[in-house]
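Taking it in order: structure first as structure tokens, then the write-up.
We call the chains A, B and C, going by the order they appear; numbering starts again at 1 in every chain.
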Amino acid sequence: MAATTLAPPPAEDATLLDSNEMVLNMGPQHPSTHGVLRVILKLDGETVLGTDCVIGYLHRGVEKIAENRTYQQFAPYVDRMDYVAAVSNGLGYCMAIEQLLGVEIPSRAQCVRVILAELNRIASHLLWLGTHALDIGAITPVFLCFREREQVLNIFEKYCGARLTTHAFRIGGLQYETYDTFERDCLALCDLMEEKVQEYHSLLTGNRIWVRRTKGVGVLSAEDCKDYGVTGPLLRAAGEAWDLRKVRPYCGYEKYDFEVPTAESGDTFDRYIVRMKEMEQSCRIIRQAVETLPAGPIKGKVGKVIKPPPGEAYVSIEAPKGELGYYVVSDGSLKPYRLRVRPPSFVNLGALDKMCRGSLVADVVAIIGTIDIVLGEVDR
Amino acid sequence: MPRPPRTGGKRPLRRRKLPPGAKRPVRRPIRKKKPLKMPSSPWEGPLPEALRGRFGDSIREATLLGGQKLVVADLAAAAGILQFLKDDRGFDYLVDVTAVHWPKREGETFDLVWILYSFATNERVRLKAALLEGAKAPTATGLYQSANWLEREVYDMFGIEFDGHPDLRRILMPDEWDGFPLRKEYGIVQQDVDWVRENLKIESAQ
Amino acid sequence: MLEQLLDIPYVQPLVLTAAIVLVFPLVAGYIVLAERKVLADLQVRLGPMRVGPYGVLQPLADALKLMLKEDIIPSRADKWIFWLAPVLSTFTALSAFAVLPLSDRLYVADVNIGILFILAMSSIGALGLILGGWSANSKYSLMGSLRAAAQMVSYEVPLGFATVTAIMCAGTLSMQGVIRSQLERGVWGAFDNFGLMLIPTALFIIAGTAETNRAPFDLPEAESELVAGFHTEYSGFRWALFFLAEYAAIVVISSLCVTLFFGGWLRPFPNVAALEIPVNFGFPAALFALMAFGCLKGVPKQPIAGFKILMALIAGAFLLVAGAFVVPAVNELVIGLFWFCFKLAAMVYLFIWYRGTFPRFRYDQLMDVGWKWLIPISMAGLILNGVVQLLARG
């Protein structure tokens, strides 16, 4: 949250800003900065000459909190980072601690984890789609998306009682056994989603205004993505079929048959298509996981007191927004000595300036939407 | 009336009365567990050999810690190692830059950690270098654009300055913030006490 | 007695003017309610449901809220212009009502340059937006008003060309005259010249949407980009005036479209005498009876006795209107107004439908569409229609 380099110069130094240029402060209170992002735009008319992100309005010191809580106590906090995809956050955290402990997770727990994480991916993408369309001026899809997201949240609610910040997993496995109609609900949701994704396509994909607003906007090539550390759908839209679920499988993702959707040009439209396809692929994974859901215990051999040996581990998963990593250093005590979160939103947002330069103000809104940031995760 | 402060100390143990004739169960002595260790082994292979060959004794250690590749090196060689890994070994993705504070350690009290990934070989390597308090770290911004914000965050949280960083400002904390929150000596309670005293003109209850 | 009173010069125009000025805010309020309800229906939700049964009293609550809100003028604003802008917008928008032909005998004035007057007023109305955005001394407002200026200038050209084509067809600039000429030709303006007039009709609707700053051309207020565009800094009653002006502009542009292309107060197929009874008597009576039936169905669902009574009253009112349409003497008086309002409502519905369907254009694309597509097509449409008309009518 630092003062900007693009700030208007003091009065006696007014020559620095060209007379055609204007500095526009967008946010932290703005309808389409997805929370409390503040972007300072340097404009020539409506053309963007440069941007500066001012972040940290939602900084809660999550990493410092981790150092003052035991491993179990900290687990609910991670849900508050990317609160749109809380299950993924929890999954990454639990996996990092399990890596430190070196415990095996029973296959039933793995399978349920996959199901819930994929459900959460659908929920996250639905929220993204709705708000992104709203940013571009289509006000209807957001309600349709929330209608379906509600179904996903209902499953979460039935499973663990919470809808948003679920805290669904525990270190070593699961806390709760699945409820009676869990499998049926998941399959019903897959049926519903496969139908509804087509409905979204019919609303947006063929719409010429939508296509014109998104094609060629915020282009980021695969090389640029790698350079900026941009992962997730943004990287895949640029043509790199890189998905941690495929390249470094975890939780038994190697058992499921699914594709990594990619596109070519790496613009806003391609990211939209990639995310739409990802929802379909998630349905595919959920179907397979539900069908092969094994019986058995849901928790591995983890004591009530979690005291990992001294050491460190970096574990990352494919969160809906990109590579979500946890770097945990243990000194053998009850609390993490250091816990670093590698948030995909934060790193992806770093490429905003690159994507925005030379585009128009309206594009900035589309680009912020297409990165799919959650400020809780950016600021932590 | 203010409540008297709670005194520390344990409550006296009260033994439950047993029904007559019952035997008190014998408590098994708690076995002291052996301290666990993360499985670690030396990392053999072409990459550590190449690193050793090129940087010699600057590579302090190359291990597989819990199966994860870890290279510990001197800070002076870090910039060169990053350059080598990116240009010659195809580590084209800087996943993360972070630091760990070890105030009780002798000498170098910070560990800087770079996590690198290669798309071509699907390999992830962690590079670690120790850093003296107040010393400047080499920047990776010339190699990876992603280093820009990540290094700013390390600076913001630990006060580690990166030599050659184009725009080293605080990123998450406000500009006028005192101290570096993720250092171990940073007192979170003191922070609250000070803030309450200054802004509310009362004593904090913390 | 009433006839005599209305025959005194200026009495009818003055009474009608007063009625429009007094009643239109309420009408605008109900257009807003209709918009919210229609959007809600498109978006799988219910819309306002709390104030009155099915939210029918919502406009009154909104009006009360807006009037009681604190009136804020930014400290660095140009106060006079800030004050003037919404007044100017509302004034011009309401002035245009003067020449609207509400029915064959219900109008304030039938001037021989009626269409020109409407176009002039809507152009001056743009000035209100520009001044309002500029005087607020806010960057968002300024950008909104700049966009408004560019948009209005660009889209007035195709709008003008489409209008000229229609005038050419009708041979008059008087609003009543345009409608009468359609009666004489026996076909609505939109389908004249062997259907070629559909080109200017479509262009008029598109350019009219842009002219009234409605989605997908709502760039001057583009909520997700410019917060609220030119009226970002307005609040309370001043903001309500801008709102009023916007809805007045929608009604005016829709009326103009209905007049030029859809026969104004004429019933469909005005020259087919056989349709007189079903279209002029049957349709409105059935429509209002249906609405009454719908309201009656809603009565038992209301939780409060007051709401039940209100719903029943509304149903009764609709039934009464339905009955009135069956009486020939009354029917003759109001059928023109009914058809005009019915077509107007269809146009307004179209505007709302757009808003629920389309994403927003980007500024450069807006200019692109305006200059590269609409203007050439509208010019071609003008020439084509001119030639066809010359050949067909000699």
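Convention: a contact is a pair of C-beta atoms (placed from the backbone, for glycine too) under 8 Å apart; a residue touches a chain by one contact, two chains touch by 3 or more.
Given the structure is predicted, the values throughout are model-derived calculations rather than measurements.
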Quiz item: Minimal path length between chain B and chain C through chains that touch?
Solution: 2
Practice problem: State which chain is most central when centres are taken as means of Cα atoms. | Solution: A
Quiz item: Could you state the distance in Å from the CA-based centre of chain B to that of chain C?
Solution: 65
Exercise. State, to the nearest whole Å, the distance from the C-alpha centre of chain A to the C-alpha centre of chain C.
Key: 44
Practice problem: Could you give the separation in Å between the centres of chain A and chain B, each centre being the mean of its C-alpha atoms? | Solution: 24
Quiz prompt | Touching two or more other chains - residue numbers and ranges from chain B | solution = none
Quiz item: In their shared complex, at which residues does chain B touch chain A?
Solution: 35-40, 65-66, 68, 70, 92-96, 98, 100-101, 113, 115, 119, 122, 124, 126, 144-146, 148-150, 153, 157, 167, 169-175, 181-182, 184, 186, 188
Practice problem: Report the residues of chain C in contact with chain A in the complex, numbered from low to high. | Solution: 39, 42-45, 139-140, 143, 215-216, 218, 222-227, 355-365
Quiz item: In their complex, what parts of chain A are in touch with chain C?
Solution: 22, 24-25, 30-32, 46, 133-140, 142-144, 147, 204, 207, 209-210, 212-213, 360-363, 365
Quiz prompt | Interfacial residue positions of chain A with respect to chain B in the complex | solution = 1-3, 5, 55-56, 59, 61, 63-64, 67-68, 99-100, 102, 224, 226-230, 240, 242, 247-248, 307-314, 316, 323, 325, 327, 329, 332, 337-338, 340, 342, 346-347, 349-351, 354, 379-380
